[in-house]
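Pasting the structures in now, so scroll down.
Heads up, the next two complexes both have chain A, just with different partners, chain B and then chain C.
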Partner chain A sequence: MTILRKRFFQPRQDLAKTQARRFTRSRFGNVMFFVFLFAAGAFSVLPLVYSIVTSLKPLDELLIFPPRLFVVQRPTLKNYLALPDVVSSLNVPLLRYLFNSLFVSVTATALHVIVAAMAAFVLSKSDLKYKNVIFILVQFSLLFNTYTLGVPQYLIYTGLHVIDTYLVYLLPFIPSTLGVFLMKQYMDGYVPGALIEAAHIDGAGWLTIFWRVIFPIVRPCVLTLTLFSFRDTWATIPSGTIFSESLKTLPTVMSTITAGGIARTGTAMAASVIMMMPPILVYLISQGSLRETMGNAGIKG
Partner chain B sequence: MEKVEKKRLSLRMILRNRWQLYLLLAPFLVLFILMTVLPVLSSIVLSFFNFDMVSFPRFAGLGNYLRMFLQDKIFPTVLANTLVLAILTGPASFLLSFVLAWLINEFRPAMRTLLSFMFYAPALVGNALYIWQVAFSTDSYGYVNSLLLSLGVITEPIAWLSSTSYIVPIVVMVQLWQGMGVNFLANISGLQNVDTELYEAGAIDGVRNRWQELWYITLPGMQSMLLFSAVMSIASAFSISSIITTLAGYPTVGYAADTIVSYLSDVGTVKYEMGYASALSVVLFLLMILTRLLIGRLLNKVGR
Partner chain C sequence: MKNRKKKGVEAIRARYGLLFISPWIIGMALFFVYPILQSFYFSFADLSITEEGVATSFVGTAHYHDILFVNPEYTDNFVLALKDFFISLPFILVVSLVVALLLNSKFRGRLFFRTLYFLPVILASGIVLELFLNAADNNATQVAASSEATFGMIDFTEVLKGMRLPETIEKYLSIVLSNVFMMVWQSGIQIVLFIAGLQSIPDQLYEVSKVEGATKWEEFWFITLPMLLRTILLVVIFTIVELVTSNTNPAVMQGYNQFTNLEYGAGSAMLWFYFVFIGLFIALFLLVYNKAFLKRWG
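Up next, the complex of A and B:
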């Protein structure tokens, strides 16, 4: 127990060693907070548990009364094993959808993160004349409801002749303003301007500074943004811009499985559990390496 | 002497490499103008037209706006609902995502990872809304009804989602539960970057307790992240709609919970009145900008 307590409930041990004292919670307070947060977190994690439990239930257990939320008496993998049968009726092999999904999400995320970081760097650290105007536009565009943008965007796609190509997946995501806003705020807050001045004195141009100095420093933000972006692109279903079956992605297939009615409840759950695995994986990887980067954070100007 | 020399050199470098700045900004700017600025502008222009998506738009002047404020019987209701939901969820979601991040950040890494995952889970689960639909289902198969019946709290199943008195609290709860993910993680990354030396300096300068530390050091240290999370909170608090339509359909009984966004999607998709939908969306836009400016003033007072 003591070991456990030492590992989990002694925050900021490293700081306690320094002379000035950090105000930390008492051990009792810490345990109370943990219990409270764990309860709240359990509420928050319910749908995840529910999806997994439901996907393991045989059909008769799905329909019993009174309903049992989180109990499965005879867990079965039947729902998962039924998936190949369900998707075998598709006229394009499942692997093709999987490839499309991965290709679109990875490409869009990578391009978005780099493009957003480059723009945020200019908006945050340069002396460009109209950078404030651009930044205000970026912020305000986050507040405009996307619904009415559909028609003009469709017209632009038509004008560019990109309907029914991979580009309709990528084009709206690459300049996503959320990423630029997040990156800019991060650079404003945590990248000292003196660092850039020093690099200039050393003879570095803006491109070198961005790639060699800034990009490695903003890695925590890059990781967080990668997660946001991957999650969004992974789940997206384009509306009316993709017609070829060979260009469609997994969420489209999933919605056909889900539309299969009550007999397919279990299979639909199994499908959605599989669908949420990649974002969870990206979450674990990005947050895991986030912790590593945090260790050497605190760059001084 | 040497300093002046260095300064001049640095200035020359800054000026010489100007084209590199444009190169860094260009990919975003071009696509941003194409995919967002132009559509927003054309949507604003369209709000002064009547457009049914089939025939060519006809100029209507202020017609759409006059109709909204003078004739439309539904608009006052959805406007009021939008404001009520925004006030109930916006500040709460902003504060909650900060307080949770603040509390969790003080734990050791293993606990921190576990708790962050739990709170971020709703954002990772694709069909997350579905569980609430099942839970509040009207008949006694709904989990909430079945639980309350078996506990003897109620004797008849309650029609949660079609009752004017329950739908708003349910929407508020689901929105808070679902909408926190992005702000929560942004706050965590902000908190972990507040310079540790500032805390030490603060303790020497007479910071007496955790609250003073929070107010004078932590909050100012992450002001830029707070602005981000404030803007995101405004954006989502004023745009609640898919939660409502997924849970209760459109329209809800007596328009009890319908917002401007759910109303304008109906106007556009079902009634094919894109001009009017655009006008609704412009009014909502102005409302959010106003809120954003007010919040900016409030945030400037943090740590003073």
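Up next, the complex of A and C:
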């Protein structure tokens, strides 16, 4: 495989000429390859560049007209250093918000991934009755998000007396259907039933099969799901379900900063840059640990 | 009882299955199935907030009648939403597959590029986008200038008119191009899903095909694409969900606006009508896809 991949950018002289001409890349092709990647990538990176540049601008540069969007003449960290001052008027220290955010997003993500993997394992590999009906329900319920279900869900929170506790962040997120959907599809495609059969005959219990056989195979999916869940939980602002200041998360504080008007543009941008960083970090870690050999796990021959 | 004894392993399997799935089933029933059913009921009712909570009064299909035949605004938004939907779906699929194929090949700095394409997923998620827009709003002049300066430089429609394409294709292309920014932004998750799918294709298949002398083109059509069938299904469903729940969707937005006006009944009716339509489309798609592809190659 590595040989094949290495050859991806080199003409294959050992093959018949007609074939080699058909689908190999010249130096020109390589250049085009990167030009295309950069051009399409520019679309996605410009807003980030814009916010980073803006967050580094001193006040007078922010107010120049016509604005210079992607240039900063005298970069300054003042906007970032001003952040603690801006929130110092609050009763709760900034670290508490940070802790809340991290606690909520890490716990919810971990529990969601495990619960979803377990459910998907059953939906994909067991002969549970009605599992197909359940899966159709899963797909339909994907269309309903927290906006649509806001009122009915609120009624349930009240019934369970979880309003204004950490549980209100965690409970609705853990059984959310997206993870089950992703995992089930992945397991259908990539986990051979014969492998489970074999492990079972070798005397492995179901927990062992789940942890030692299934989990390693679905690792790419687990990493992807971790990423999505972290992104979603990190960014949630509970609407009308959290009232204690000491239970609120970082995004809530950050959005009060950005509502501060024109003079705070720089600080607001600094806040949004900081909010972007953790998901990017999780992304880098998860993608960095994906190995090419994942597809080789399982049964050979 | 007899039946269970006969089954042996199978029965144990079912029992453990129940144990494994129960945490999710309970949560799902409580936080999704029940609320979904309730919102279905709300679409046939009028809600009023009282001291004890919410009081409902059944009004039958009045809301549906109202949005479909009396008030023209919803049907307009509905058609608009469907049009957007059917244009965006194929485009997002193709773009994300092509980008994922490129990003999955080995070259230096591919993690950098992968991150680049994933940025929108992070930036476009809830609070971060909100922060960004808020912050940008403070400087409204800057943003107006920014979108024009960066994305309005080329007038795509003029370019297309010069190419003398059939009118329908030209229309399609011009809509696509003017929305290309939004669509690259919406492709981030799909790219990640495709890359995960690509990485799960066993290397041996490519090794064999290389020994047999297959070209890259043949490799794509006979190995990569068939092996990606399930991922494609996943991406399609995922894209549909993203498109439907996105807050740029006019039909859904109108429903949400009804919520903020405290018209839960009418809002629920609008959302339910749209969701049932999309749900039927998904069902049809799954049926055709299963029959046509998965049965044959999967």
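FYI, the second predicted complex is superposed on the first by the 258 of 301 C-alpha atoms of A that agree within 3 Å, B and C clash if a C-alpha of one lies under 4 Å from a C-alpha of the other, contacts with A are read in each partner's own complex, and residues count from 1 in each chain.
As a convention for this text, a residue touches a chain if its C-beta (ideal position, glycine included) is under 8 Å from a C-beta of that chain, and two chains touch if they have at least 3 such contacts.
Source: prediction; values computed, not measured.
In the superposed model, A:Thr224 makes contact with both chain B and chain C. By the touch criterion stated above, A:Thr236 is placed in contact with chain C alone, chain B being left untouched. Touch criterion met: A:Leu128 reaches chain B and chain C at once. Contact with both chain B and chain C is seen for A:Leu143 once the two complexes are overlaid on the shared chain. In the superposition on chain A, A:Thr265 makes contact with chain C only, while chain B stays out of contact range. By the touch criterion stated above, A:Phe99 is placed in contact with neither chain B nor chain C.
Contacts of A:Phe33 after superposition: both chain B and chain C are touched.
Contacts of A:Thr158 after superposition: chain C is touched, whereas chain B is not reached. When the two structures are aligned on the shared chain, A:Tyr283 is found in touch with chain B and with chain C. Touched by chain B in one complex and by chain C in the other are residues 8-9, 15, 19, 22-24, 33, 37, 40-41, 43-48, 50-51, 65-67, 69, 115-116, 118-119, 121-123, 126-128, 134, 137-145, 147-149, 151-153, 156, 171-172, 174-175, 177-178, 180-182, 185-186, 188-190, 200, 206, 210, 220-221, 224, 227-228, 231, 235, 251, 258, 272, 275-276, 279-280, 283-284, 287-288, 290, 294 of chain A. By the touch criterion given at the top, residues 7-12, 15, 18-25, 30, 33-34, 37-38, 40-48, 50-51, 65-67, 69, 115-116, 118-119, 121-123, 126-128, 134, 137-145, 147-149, 151-153, 156, 171-172, 174-175, 177-178, 180-182, 185-186, 188-190, 197, 200-201, 203-207, 210, 220-221, 224, 227-228, 231, 235, 251, 258, 272, 275-276, 279-280, 283-284, 287-288, 290-291, 294, 297-298 of chain A touch chain B in their complex. Residue ranges on chain B touching chain A, taken from their complex, read 6, 9-10, 13-14, 16-17, 20-21, 23-25, 27-29, 31-32, 34-40, 42-43, 46, 53, 100, 103-104, 106-111, 113-128, 130-131, 140-143, 146, 150, 177, 182, 185-186, 189-190, 192-193, 195-197, 199-201, 203-204, 207, 209-210, 213, 221-225, 227-228, 231-232, 234-235, 238-239, 261, 264-265, 268, 274, 277-278, 281, 284-285, 288-289, 292. Contacts from chain C toward chain A in the complex involve residues 9-10, 13-14, 16-18, 20-21, 23-28, 30-36, 38-39, 42, 47, 53-54, 95, 99, 102-103, 105-107, 111, 113-123, 125-128, 130-132, 134-135, 138-139, 141-142, 145-146, 149-150, 180-181, 184-185, 188-189, 192-193, 196, 199-204, 206-207, 210, 213, 215-217, 230-231, 233-234, 237, 241, 244-245, 255-256, 259, 264, 268, 271, 275, 278-279, 282-283, 286, 298. Contact residues on chain A toward chain C in their complex (touch as defined above): 1-6, 8-9, 15-16, 19, 22-24, 33, 36-37, 40-41, 43-48, 50-51, 54, 62, 65-67, 69, 115-116, 118-119, 121-123, 126-129, 134, 136-145, 147-153, 155-156, 158, 171-172, 174-178, 180-182, 185-186, 188-190, 200, 206, 210, 220-221, 223-224, 227-228, 231-232, 235-237, 251, 254-255, 258-262, 264-265, 268-269, 271-272, 275-276, 279-280, 283-284, 287-288, 290, 292-296, 300.
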